[in-house]
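So, here's a batch of structures to check.
Next come two complexes, and both contain subunit A; in the first it sits with subunit B, in the second with subunit C.
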Partner chain A sequence: MRTGKDRLLAGLMLAPSLALLAVFVYGFIGQTLYVSFTDWGQGAALALNPEIHFVGLDNYRQLFSGILDVRFRQDLVNMLFFTLFFVALCLGLGLLLATLLDRPLRGEGFFRTVLLLPMSLSFVVTGTIWRWLLQPRGGVNVLPALVGLPRLDFLWTTTRDQVFRFNWQDVPGALLLGVGLVLVLLGVRAWRRREARKAGLLGVPGLVLVLWAALGGAAGWSLVPIKELHGFNLALVGIVMAATWQMSGYTMALYLAGLRGIPVELREAAEVDGATPLQVYRYVQLPLLQPITLSAVIILGHIALKIFDLIFAMTGPDNAVTSVPAILMYLTTFRGNQFAKGASIATLLLLLVSMLIIPYIVSSLRKAPER
Partner chain B sequence: MAVLVVALAAPAAVWAQGRLSGELEIFSWWAGDEGPALEALIDRYEQLYPGVKVINATVTGGSGVNAKAVLKTRMLGGDPPDTFQVHAGQELIGTWVLANRMEDLGFLYDQEGWQKVLPQQLIDLLSTDKGIWSVPVNIHRSNVLWYIPDNLKKWGVSVPKTWDEFLQIAAKLQAQGVVPLSLGENWTANHLWENVAIAVLGPQKWQALWDGRLAWTSPEVLKAWETFGKVLQYTNRDAASLSWQQATDMVVHGEAAFNVMGDWAAGYMSTTLGLEAGKGFGWAASPGTSGIFVMLSDSFGLPVGSPNREATLAWLEMLGSREAQDIFNPLKGSISPRLDSDLSKYNTYGRSAAQDWRNSTIVGSLAHGVVANERFMNDFATVMEIFLSTRDPQAAANAAQAVAAQAGIGVR
Partner chain C sequence: MPVYMTVVTSLKDPSEIRLATAWKPPTEVSWEGYRAALGQFAPKLRNSFVLAVSATVLSALLGSMNGYVLSKWRLPGAQLIFPLMVFGMFIPYQSILIPLFQFLRSVNLYGGLPGLILVHVVYGLPITTLLFRNFYAELPDEMIQSSSIDGAGFFGIYRWIVLPLSAPAFVVVVIWQFTQIWNEFLFAVTLTQPAWQPITVALANLAGGEAVQWNLPMAGSILAALPTVLVYVFLGRYFIRGLLAGSLKG
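Moving on to the complex of A and B:
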């Protein structure tokens, strides 16, 4: 009887939040999704009752293959490269700093505070500071001059130089090849476990895909009519630096807590067995930090995927070389009045972020009942 | 006292009987340097209509990037301000008029006789066949070439009259280690493009481009992109990271010879930098555009559903008056669109601009919202990026043609 009453009370307490969540999160996600399948009034997008036609996936098709949406594709590439470098650098730097701070060190508190401080700033402030630092005629470019060396003339956030260039036409082929390879690998793994049926189901289609892609079958699948090169804009280096400066203190704190959480007995046991400090680090401490790396990747990854304010503050809305889909979404929607296309970009961003978050939530929910 | 002021100041208006009350919310992006000019207008309004409580709803951010987003959420959410600042012309027409969100102000023009004091070419740019949509408060000129006379003498060059002449001078300047033309971020590149294009096309074909009578892929427009590409070779490499003020600074500091910018640069140089107009800095129509006045204008309109319509009409009526315009424009650093404005209230540059306003062919600016709607302008930034990356006139022209088709340019 008591539990029944408790449950009722709990339900009542949760109901308002659930209702609000349903409307303001899931309802609006649904609304955005719906808008992305329409043409929303075309020219008269701001009319009181805009003419709305259902156009299916047309907005998405344009984003990936329309001639005018070349900027979206470069922004997407920018975002993926930015995420990759930002997450890798934050993890590397954070781990390095945490390892250094973990040793007995005078003034540890001081260093910890200094390294964590950038995180207390908002991205807008960070962006403004780094915008000054990365001015081509000032900031870091004149640093070498202080010691008598020639000034740098790198155009930090505005250079049009690109590395890792690839042709957008090759993307579908490469994706299919990738999927094929993964399927083949999974098939081989199943074969080794002597699950012949599963191996066949995965391996054979995989092999077909790989062969098809390798023999040039995907060449007819070009997304755009002409060759379209995209790559990593070197202008993003400055953005990655600023973002890493802000967030590496956070990974440091995570790793430091992780290192401190490892029982001393483990290290002592390893030392008794004759492990060198390097071996203790490599075989005892690092593996135990894995869950921390995972959560850091999730947190940093979703920050990177939806980054907006840092770049807006650092380079403004129209500097396309450092632009990302979130900025393009803002411009498309609120400056260009193309609500439907803006909604499509928003939906794609949501998809990307959920590809990162949902597996994490699922895995942590699975673990929960074991407790 | 208040009654006396009202009676003296606004004899014509029916609503100006001192009985007007309620609120008036004025939505704009005039903060910072432009704040005092707006404040002066509001002061004047409060003197005229002491019963009305004015709410100055300013959203900061250059050329209204943030303000426009806020305005859109408010309008779509059914909470329009009483009146809002908007660049006159297609930025208003292609966005709000097309959406049936604005009231026709033709009756106000008739009642106040503005058709007689405003140039017809201006009224054409503010109108569609269904009405006149806003009251222009000021006029800025966007086709101005700025320089420092002493520096030009030192470098042994004169002010170029055409872009061909500029290209010759530019080589000479470059040999002396001077940047021939300073440039700033993306929108200033659009601004420069428009100056080059108007010079190449001339006023009639420029207008034809916006009516759909001239295709973006026509040889004339290709020529404009080609010339623009040549001019770009003589600009600074770090353009994209500079604001327009920093680009102007390059000229002032003697690092660059020329800069093409709107005439707010005159305010910046004379007020902020303390240079004397005519001596400390000089100006001319940008190459190939003498006799042409490329204009942009800030204006206010009357949204459908404005909560305090009467008070707003009184505001609009005051805005169009010669007196209010001569209060506002000297402070803002712009000129009055009215042909009867009191030139003694303006500075040296302002008087020169007002003379040109009266004697030139008037055309609208693309970069500042007069001739194209917001969708085209937004996508044109991408066209510009395509050109800046590829330097391919044909690619840019094709993209611009596609953008124009999608944005409904030429199908008015």
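Moving on to the complex of A and C:
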């Protein structure tokens, strides 16, 4: 039936694509990793035969603790804050809109069309439009004036104000404390389940870590020699707004598909049991949406970690207060010709995204069994 | 709301664009912005069209073949290959950019459209393969088997059974790829020289300049957005399906 010749043909058909992907994805990732361990970029980086030395993890050490690379730390903090706010806002807004659209409503198709429209735009277009809207003396700032209120004078993307400030020197200590606390919690949970051995294995080192961090053990262990303050730059608020404007329609579509997928019988059964609409929503619909929330967090999260074009178009690559590692990588590599350092930043980005994506791919492929 | 502002601004005469009156409609519609933007962007729009159309067609064809093989010809190792392929869809492209840049330079494809098309075809393969595989997985195996009993071979089955049934999948994949490639920026900005830039890069450069007349970038935004918006308006139903499918359902 299925002859060997046909199977061979099938294999041959697939081979070129596989070879391309093997080289262009995994081969290139490997090469980037290698470059990140070298010092390529000192001196004539674009020469035909640039001088390249192997320097091990030095680039990474520089990024996290070198005086010159303070911008990388700020960008990293920016990226984390951006991801947090962007994902949270998209989820909240998306869920709200989906809930509103789920009930019978006239013109539902119209609203859905309008809300999803930004999604079809390029981040560059969105960025250009919002750049105009967030002009310090126009756009959004004069909106209140239209209804007779005093106009705003917020500087948006150029403000240097920060909130949630913390000292970079405290980061290792805080991280250790966090790890310790998680270990202790896991230990306690294991103890409750009467798994004494596991409890000891997790809890005791956790306790030691917590005590050590609490007693100031990490104080002399800071990464940078001087105090270095980072925080959430308020200039990012505008970026978060633009990104949310673009992507919350997509979250809404995800949730709407989810809500529509919930069998009507479930809701009816709950109503027969005397649940109010609010209770139905809270105890029947929301829990069933959880898998969608998880997917949305991962999709939005990986977009946020990689965000590049939106910021590039909105504030340009040189606005340090709104920069993120993806932009810094571009600047370092293609403007500064510091290939090795660019490769290190790229590798760190890949690592962060992989931590989000790999478990997701593995679990979603496991859920869909071979047909 | 931002859409309103964009349209309003793009139709204004430069002299009428003052921050205080930004929200008011123009007193007199001026097409100056569009004329200027068209003049400046025409070559870039052409670049984008050539790029998006050719890369979309190529990656859709390859993806369809791959999807057919992966879903209907259980080859050894396919279970392992597939997740490895899908992962390529999510990586930040920064992590392959430096070797890619070097590679294109060494084969003399850096700077122009052919190189960029190649890049988009290669990195489009994971998503097109995924979408086609999922679509073909729904086709009943019996159909393939009966036609192979009738004597159809590998290509025969594809050509006479699978391909004619693929139209809906092609629509979704083409929409997805076209909008993605049209809107893409990172590859475009790092791998092309000014003459071959697509519209996204040209627009970002224009709006990034100092002391711009805002009717120009707004008109430019609309021109840059028009193709994907039209796709969305006319093929909205498939567009949404593509979006949801793009979120990987395994």
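Observations
Going forward, the second predicted complex is superposed on the first by the 351 of 371 C-alpha atoms of A that agree within 3 Å, B and C clash if a C-alpha of one lies under 4 Å from a C-alpha of the other, contacts with A are read in each partner's own complex, and residues count from 1 in each chain.
Just so it is clear, a residue touches a chain if its C-beta (ideal position, glycine included) is under 8 Å from a C-beta of that chain, and two chains touch if they have at least 3 such contacts.
Being a predicted model, the structure only gives us computed values, none of them experimental.
Of the two partner chains, subunit B is the only one touched by A:R160; subunit C is not.
In the superposed pair of complexes, A:G94 makes contact with neither subunit B nor subunit C. Shared-chain residue A:T332: touches subunit B; no touch with subunit C.
In the overlay built on the shared chain, the residue A:G301 is in contact with neither subunit B nor subunit C. Of the two partner chains, both subunit B and subunit C are touched by A:G316. Contacts of A:G206 after superposition: neither subunit B nor subunit C is touched.
Partner contacting the larger number of subunit A residues, of subunit B and subunit C: C.
Judged by the touch definition given at the top, the superposed model places A:A253 against subunit C, while subunit B stays out of reach. Legend: residue contacts after superposition of the two complexes on their common chain; A:G173 is shown touching neither subunit B nor subunit C.
In the superposed pair of complexes, A:R71 makes contact with subunit B only, with no contact to subunit C.
Shared contact residues of subunit A with subunit B and subunit C: 135, 137, 316, 330, 334.
Within the complex, the subunit A residues that touch subunit B are 41-48, 50, 67-68, 70-71, 134-137, 155-158, 160, 315-321, 330-332, 334-338. Touching subunit C in their complex are the following residues of subunit A: 1-3, 5-7, 9-11, 13-14, 17-18, 20-21, 24-29, 31-32, 35, 113, 116-117, 119-125, 127-133, 135, 137-139, 142-143, 146, 245, 250, 253-254, 257, 295, 299, 302, 305-306, 308-309, 312-313, 316, 326, 329-330, 333-334, 339, 342-343, 345-347, 349-350, 353-354, 357-358, 360-362, 364-365, 367-368, 370-371.
Here subunit C touches subunit A in the complex through residues 2-3, 5-6, 9, 18-20, 22-23, 62, 65-66, 69-70, 73, 75, 79, 81-88, 90-101, 103, 122-123, 125-126, 129, 137, 145, 148-149, 153-155, 179, 182-186, 189-190, 200-201, 203-204, 207-208, 214, 217-218, 220-221, 224-225, 228-229, 231-233, 236, 239-240, 243-244, 247-250, going by the rule given at the top.
On subunit B, the positions that touch subunit A within their shared complex are 65, 68-69, 72, 75-76, 94-96, 98-101, 185-187, 237-241, 373-375, 377-379, 381-382, 385-386, 388-389, 398-399, 402-403, 406-408.
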